[in-house]
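Chain nomenclature is as follows: A, B, C and D, assigned in order of appearance, with residue numbering initiated at 1 for each chain independently.
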Amino acid sequence: MTAALLDACLALCLPLLAWLVLRTESLSQSVVLFVAMGLLSALAWARLDAPDISLVEAAVGTGLTGALLMHTLSWTDERPPDVAARARHRPWAVVAMAALTGMLGWAVLSLPSDDPGLTREVDAHLAESGVEHPVTAVLLNYRGYDTLLEIAVLLVAVLGARAVNPRSERTTPEPSRDPLTGELFRMMTPALLLVAGYLVWVGEHGPGGAFQAGAILAGGGVVALLTTRLGTPRMSSWRVRWALLTGPLLFIGAAVAPLFSGRALLEYREAQAGTVIFVVELALTVSIAMVLWMFFPGMRPARAERSGKEPS
Amino acid sequence: MNPWAVYALSGVAMFSVGLVGLFSHEHPVKRILASNIAGSGVLLVLVALARREPTGAPDPVPHALVLTGIVVSVSATALGVALARRIARIDATAKAESTGASDPEAGGGSA
Amino acid sequence: MSPTAWMAWPVILPLLGAVLALLVGRKGVRVVAGVASVATFTASAVLTWEVATRGVLRQAIGGWGPPLGIEWRADGLAVLMLLTIGVVGPLISVHALDHLGDREDREFLPLWLFVWCALNALVLSADAFNLYVTLELVTLASVALIAVRRDRPGLDAGLRYLLFALPGSLLYLLGVALLYGLYSALDLGLLGQRITPGPVAWVAAGVMTLGLCLKTPLFPLHVWLPPTYTGAPTPVTALLSALISKGSYYVLLRLWLEVFTPILDWQVGQFLGVLGAAAVLWGSLLALSQSQLKRVVAYSSVAQIGYMFLLFPMATLGARTGAVYLVVSHAAAKASMFVAVGNIHQAVGITELGGVQGLAYRMPFTFLAMALGGISLIGMPPSGGFIAKWILLEESIWTGQWWWGLVLLLGGLLASAYVFRILRGSFLPLPPGVTVRSIPLGNELAPLALALIALVLGLVPWFPLELLAVGTAR
Amino acid sequence: MNTWLPLAVLLSSLLPGLVIFLLAEEQRVLRTTLNLTAAGTKLLFTAAMAWGVFRGRHYETRLPFLPKADLVLRADTFSLLFIILSAVLWFVTTIYAVGYLEGTPHRSRFFGFFSLCVASTMGIAMAGNLVTFFLFYEMLTLSTYPLVIHRGTPEALRAGNVYLRYTLSGATLLLAGVALLYTLAGSVEFTEGGALDGVVGHSVELTVAFALLIGGLAVKAALVPLHGWLPVAMVAPAPVSALLHAVAVVKAGAFGITRVIYDVFGVYRVHDLGVLHPLAVVAAVTILYGSLRALQQGDLKRRLAYSTVSQVAYIVVGVSIFGTVSTIGGLVHLVHQGLMKITLFFCAGNLAEELHVHRVAELRGVGRRMPLTMAAFTIGALGMIGIPPVAGFITKWYLGIGALEAREPWLVGVLLLSTLLNAGYFLPILYTAWFQAPVEPWAPRRSRRWEVGPALLLPTVATAVLSLAAGVFAGADLSPLGWTKLITEREFRP
């Protein structure tokens, strides 16, 4: 009963929060509300027995995204003169929203309510996949091709983001005035690396994997960015490029190798599948961490300078 | 009503809010937020669909799709905010120039 | 290597090329991209040959096969698209090298290779969710390409495109989720077998169609197109209009003709047809009223996309052939026109329609390309556009829906009005005070090569038509 | 069966055209040589083909194109009539144009499109089915447009607009008709006696298709009320007017109408559908309207243009009256009008070029200054009126007899009235030129021997002689009349 109440509450809160995010006039409040909504939604995912991906949602979908947006707000004016942050008055908006929800809800409610989906098929072939965790099996074996393209998506995004803001690479961040955070970071680093390595390894059997590990590492990188003299990695450095691209190259190599012995793309031999997947995941972890880290363009210009430029 | 259906409906509602919000805002950050909300809605629907059989492990296929979805969504956000940031800097430079002040970008760069 | 193995290379080679191009840094980008382009084109051509001689090819990626794994499927339609992308894309990118600055093409080339990889992956994929990933890869790479010059119009255009394409993808993804929820399958073939009329299928079809129409875009969702096409660097506009917008249309075509066939009712078809017809008329009329050269060509894309939607009310194999033929010839013709527009801007720096005055004598190849491309847009013989229009026209009479034929004919007349509005000015003498900068010969030949493809499509249509027939026999 | 000769005839003007585009403006000798060699080669090919067809051989080039329609180039008696006319007139017009455009800019472009234009005409003549016909019909529009606006003046551009508006609308109707017919019949190969044997019933659809096809073709044939482009297009240089009005464009329309009636529907089918009579009426109206408007024109070229409107309608009248004799009259006029009208336009060009005379009133006493030109003009004009022994007489004679034979006596009235009107607008020109004294003395000749450059004069005289010969030797087997009789025999074979 309590559980049902909790579910109902969560389910009700999420769209309401979403609505609030978009209604709020202040952009920074919007982002804060968005993060809150994301955390609640991670909770909802956990209630739906998806604890591992709920962590990713919390860390990346909410944390990293929220940080990115917050970071952007520090670059942009809170409210540019020509664009209002508030929704234009659109009477049709509410009607459209209700109609869309109604229509989609109708479809959702007509879905069978105890369908196992592909659970049986996944389990049936789990032994051949080389890993023990079904999600990892889907992600890196059954549908490994999706993941290959997903890596391409990440590369494109980082390439695009760096391409439009090449200057920020040169922006040296303000060193933190607080010596404590720097010290903290130094202490944290080995722990982060350990946790990331563990997550990759555990991904073969249970919740975890390259993406989770990469997110952890990237988190460390972002903290470093904000607290130490360490700048954003630059594309012009060959070390950065190798760190970024070794994973994709290995993955592509692993994907095409079977082609030369008459098998299909990504058709690993059963005996080697586990090893191949582990190595690929390890390399991808580094790449994913690099990409997520590089999404952050460095520090904003110091507040004092900005305000000095403001016409007043 | 089953818990999955409650959450699926919630996801659908989030999606609608996000989608309509996307088209009724002009500020790029708001629109990026809206698209993230809509994305979370879709992913919530997928997560809910995975948990329809009340016993046993949930369907791993939607979970894997969701992971991919998160990556795509954060990539799009990163690209979007990079563009928005650049636009803001160009505007700031233009504004500074029009008021006779020096280039704030150059100042930021040499700090 | 087995014939099915060839399916991997058109996807893998550009991906590998892009990654290596990033890896080598500033110096070797052009070399790597050149080698990757030649290799990818060769792979596409070999695959086309295999399909033309052996029929439909399939590859179960990872060896699993549906429903667990993803499948690639190459029929005649798919390889024709591969070939189109493989010919038109590199020609545009050759032009881009000279059009963009040195700095930009270090980013342009890897990004274009990503787009190429994504489009090839999209064309071959037979998996609904995999299609979502390819669509997103196309979108993000396109956004980065649009903004590659880092100028304000390009950045605005990129952001606008992103914020219209994202909801499109999400709508599509929601449809995929619904379909998976009911049929526990993501493979298009399986979905096609299992589909039954009902709320889930209807709503899924609705949101997926809406999303893809937003991306393509179909009237009245085209509002983002003109400013985006105008703001993007011209070679990127050419890519957008010629190839990228066709990606989402291709998915739509596959969905309706292979998955949603049982629910493609008369009303649904007519509805899409009406929107297409409106796009044809509205796009053409707006193209006629523009004063900027690039906007004329951009609005023409709205109209041409409209023609492609006339497929849905007829929904016959013949209509599919006609629509696909239009996709292919429009790719060549429109790319040629945009590239020619780029040349004109580069030569005289005038963006107004009057800027073409007197240029026919100074840039003959560019204007020949413009003329040949324009003829294809109008649908006059000899051009690929004519063949497409002819097939659609015959099909509209054959199915008794002659009113779509009227739309085709009227659209052709309107197109001729805006095409000749451009061409006519070029015959006038060069206005005094205008200096014409010389254009590298390669840049003049690129649009001509593209236009000649549109011409050849109108002279030897039997080859693409026979190719298109591969895999249609049920 | 010979498979390469039709293609050779087509390519003999297509390829030179493409090469000419690439020539620099200064390469005058090379360009002229290329032009004349091409025109000569085409004449040879054509003669060979004509001889072969006369002796009963078949010529056909067939290339795969669309599923239901190949690209077919074929030479039958009717296409040869048009091919020979075009080949001969192209040859003389090329010579004329070389002289006429001497020293003007953009000649490579001009001669390039000029050759494409002739290639399209050849394609139209040899098209073996409706799709091939449409293909070349559209190519003709595209290749004549740059010729119409060649001068690049605002007036020329406006004329180009009008020209496009008319011809493209016409093409749209034509395309609709072709598509409708293909859907009904599956495939429409031109066949003597009609190609629609497989279609039973569907008389409404067939009538619609017929109306669409004729409507589309009537634009180029300049039938009233679709004739508006023709007088406007007069801003083009004289050789263009000559070629457009005597051969390529209007004849393509008239030729197409004939093809549709005889080789697509078959004359019996068209007769049964009851659509022949309305067409004859439209043509008759055009004859009278064109003549009346010609009467009002003070500008020489415009007068000739309206005269064309009227004269091309003779062809249509001839073929749209059910009966062999009138058909002969109509078809033979395809050639006769071509020869006579091109003579007249050449003369107008000579006058404009040498003396800058454009209006009828300015022609006073020009006969003594340019006797050969005006003599040629006189032959052409008398032919148009229908005075023996010039070719035009043959036409009117056969049309008149044909009308009586088909029990359409009203047409004889139309012919008589038209003849009167023809006389009304041509005779004053002759009178002014020969018998009135010049207002002021003409500018002196530039050369002692020639009243106007030989490149202009010789083609003019040649075509005038041909117009006369076509009338005088009408009885010969290979005269236009003889050939036409051969065609008609085959078309009416039940």
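In this text, a residue touches a chain if its C-beta (ideal position, glycine included) is under 8 Å from a C-beta of that chain, and two chains touch if they have at least 3 such contacts.
Model, not experiment: these values are computed from the prediction.
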| item | value |
| --- | --- |
| Chains touching both subunit A and subunit D | C |
| Geometric centre: closest chain by C-alpha means | C |
| Between subunit D and subunit C, distance of the C-alpha-averaged centres to the nearest whole Å | 43 |
| Euclidean distance of C-alpha centroids - subunit B vs subunit D, Å | 68 |
| Averaged-CA centre spacing for the pair subunit B and subunit A, given as whole angstrom | 11 |
| Averaged-CA centre spacing for the pair subunit C and subunit B, given as whole angstrom | 27 |
| Subunit C, residues touching no fewer than two other chains | 129, 133, 136, 140, 143-144, 147, 150, 155, 158, 174, 180-181 |
| Per-residue overlap in subunit B, given as positions that touch at least 2 other chains | 15, 18-19, 23, 28, 32, 45, 49, 61-62, 65, 68, 72, 75-76, 79, 83-84, 86 |
| All chain pairs that touch each other | A-B, A-C, B-C, C-D |
| Touching residues on subunit C, where the partner in the complex is subunit D | 361, 364, 375, 380-382, 386-387, 390-391, 393-394, 397-398, 405, 409, 412-413, 416, 420, 424, 427-429, 460-462, 465 |
| Residue ranges of subunit C touching subunit B (in the complex, touch as defined) | 129, 133, 136, 139-140, 143-144, 147, 150, 152, 155-156, 158-159, 162-163, 166-167, 170-171, 173-174, 177, 180-181, 186 |
| Contacting residues of subunit A [partner subunit B, same complex] | 3-4, 7-8, 10-12, 14-15, 18-19, 21-22, 27, 30-31, 34, 37-38, 41, 44-45, 47-50, 52-53, 56-57, 60-61, 64-65, 68-69, 71-73, 75-77, 79-80, 83-85, 87-88, 90, 93, 96-98, 100-101, 104-105, 108-109, 111-119, 122, 134-135, 137-139, 143, 146-147, 150, 153-154, 156-158, 160-162, 164-165, 167, 170-172, 174, 211, 292, 295, 297, 300-302, 305-306, 309, 311 |
| Residue ranges of subunit A in contact with subunit C within the complex | 103-104, 106-108, 110-112, 115, 117-118, 121-122, 125, 141-146, 148-150, 152-153, 155-157, 159-160, 163-164, 166, 235-236, 238, 241-242, 244-245, 248-249, 252, 255-256, 259-260, 262-268 |
| Subunit C contact footprint on subunit D (complex, rising order) | 21, 64-67, 106, 131, 134-135, 138-139, 141-142, 145-146, 149, 152, 157, 160-161, 164, 168-169, 171-172, 175-176, 179-180, 182-183 |
